[in-house]
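Two complexes come next, and they have one chain in common, chain A, joined by chain B in the first and chain C in the second.
Right after this comes the complex of A and B.
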């Protein structure tokens, strides 16, 4: 699953929905793989408004990526800053989590990721 | 007619095989009315739409949207993702998307950006307010019971496969028990400014009642049938309902 997916996922436990700690989930013991995607600045420009930047920053740090700036870069900033564009390209488009766990910051439940697929099915007592 | 993604690699003993319902959904999404709706709602100056299919099965519908995003949305840049309670379906969807992408790459055509598939119960793993287009071909067949989500590890592989297949069609009372759960979560899941959903229903799901229920969510909520299967007399009369919020003119970019 692309790292960007974490920006759209949350803990499946009902009780955690009301807690802000359940998003984003925290990667643990994750193996990353990299796809080779050709540069697509327009895609990056169009994705950025969709991204919860603070959640993405948290995810980037937790996965060992270089820290992201406080605010998302503007289109003009990206056009000038090739390094930032390259970093966003790697983080948002190319990097996948193939194995590992996603942990809820509220309840501690760990969701397993195997072969790139995260399993959010809950045991009966947590539904 | 846009090409249907190949699903030759999929094991249909344990994953729902594309059928009339799947093809009705493909036809609806690529119809003139829906292309017009989606082109307008997700115009090129707006952020990338996030499209999710709940119950992606073989991946045929998601891959179709993913491969033909330029035609369906008027833009190549869409984010796609799939959810399925069946892990084998998740794996199949990943493959089907990959095959469909290669079909587009070969002649230099575009496709969307696929995030992946997760195994989950409907929208429970999705952070609210993000989904721009939700597509759902539910388990819509009326059945006396609903199969459990987690299966017994002691089942023989034949029974395990049957169980997985039953999850793809068994809808309980009026065939609506699963669909109703998804519908109840729609107002929360969909993005507030432009989220919409395409849901497949059969005659026994009492589609008129379903649409009325949705319209009662609030003045802005709309539900209309955008496609119907031609079958007359067959008990499986199918239709695709589009659900959306009509925004006040000032809110639309």
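Right after this comes the complex of A and C.
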């Protein structure tokens, strides 16, 4: 599962949605793999304004990546800095969690990631 | 056999009913099903193509992910109940696909620019659950965000199945899969028929459901044996 996806995932338990602790989910015991995905600078430019940068920073740190700059790069900065564009592409799209768990900071429930697929089905007692 | 499948609907919990007559079936027929699902329906393609570049959205019940590649300038998180189908969908770059239930989506409220849910909510076996699904989808949208919901129509007299007004709305629809099994007798090939539960929507029903959960219908219509509606949260225009 791509790292970018974590920016759009929260705990599936209804009661957790109103808590800010349920986002972002926290990776636990995660194995990362690197996929090769065709660079698409246009897509990165387009979606960057919709990315929750502070949540992404938290995710990057928790996965063992170097800290992200405090502010997201501007469009102009990205256009000039190919290296930064490449790093963002690698972090967001090419870095995948192949195995591990995603933990809700509010209720503690752990969602499993197996063979790159995250499973958010809840056991009956949590629905 | 079909009658028994429908009869037990009121007698066992809806989740159990759907597990048996929807989810288990798709999990077993996944790759065969996927091979027959490749052509996007026109209204869905148009909806996706008209999205602003950089839009972030959901495909709730994404199946094999056939809609994930229509628009290269958006990012979609697809979700489906079937792990086998999600594995196929997850191959569509640069999007994401997860296993999740429509009634317990793992997404923030108000975060997404759009959502599509194509041929999905008609698999929920009670009106309350179908309405809840529409509500769950609408909840994920930001103010002004739009969802396209597409469901099988009751009124499809020209289709192969020929249902129409007056027919029972809850039906079992067969899926025939040829499998070759090592120990399948002398021919080496067997055919297995799976029954899937569908609720066929009558004209106006989808719109009623949207309004019932506090949504607004922006546009709606009929295409190729399906009713569809584009909707948003009320007051979020």
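A few notes on this one:
Here is the rule we go by: the second predicted complex is superposed on the first by the 127 of 127 C-alpha atoms of A that agree within 3 Å, B and C clash if a C-alpha of one lies under 4 Å from a C-alpha of the other, contacts with A are read in each partner's own complex, and residues count from 1 in each chain.
Keep this in mind: a residue touches a chain if its C-beta (ideal position, glycine included) is under 8 Å from a C-beta of that chain, and two chains touch if they have at least 3 such contacts.
Quick caveat, the model's predicted, so the values are computed rather than measured.
Taken together in the superposed arrangement on chain A, chain B and chain C clash.
Residue contacts after overlaying the shared chain place A:121 against chain B and chain C alike. Of the two partner chains, neither chain B nor chain C is touched by A:107. Judged by the touch definition given at the top, the superposed model places A:38 against chain C, while chain B stays out of reach. Judged by the touch definition given at the top, the superposed model places A:63 against neither chain B nor chain C. By the touch criterion defined above, A:78 lies against neither chain B nor chain C after alignment on the C-alpha atoms of chain A.
When both complexes are overlaid on chain A, the residue A:46 reaches chain B and chain C alike. In the superposition on chain A, contact of A:10 is made with both chain B and chain C.
Chain A uses residues 1-2, 4-5, 8-12, 14, 17, 23, 40, 42-43, 46-50, 93, 115-122, 124, 127 to touch chain B in one structure and chain C in the other. Put simply, chain C touches chain A in their complex at residues 15, 53-56, 72-75, 77, 79, 81, 83, 86-87, 90, 93-94, 96-101, 103-109, 111-113. Those residues of chain B lying in contact with chain A across their complex are 47-48, 50, 77, 79, 81, 85, 87, 90-91, 94, 113-121, 124-128, 130, 149-150.
On the side of chain A, the complex with chain C involves touching residues 1-2, 4-5, 8-14, 17, 23, 37-38, 40, 42-43, 45-50, 93, 111, 115-122, 124, 127. If you check the complex, the residues on chain A that touch chain B are 1-2, 4-5, 7-12, 14, 17, 23, 40, 42-43, 46-50, 52, 93, 96, 115-124, 127.
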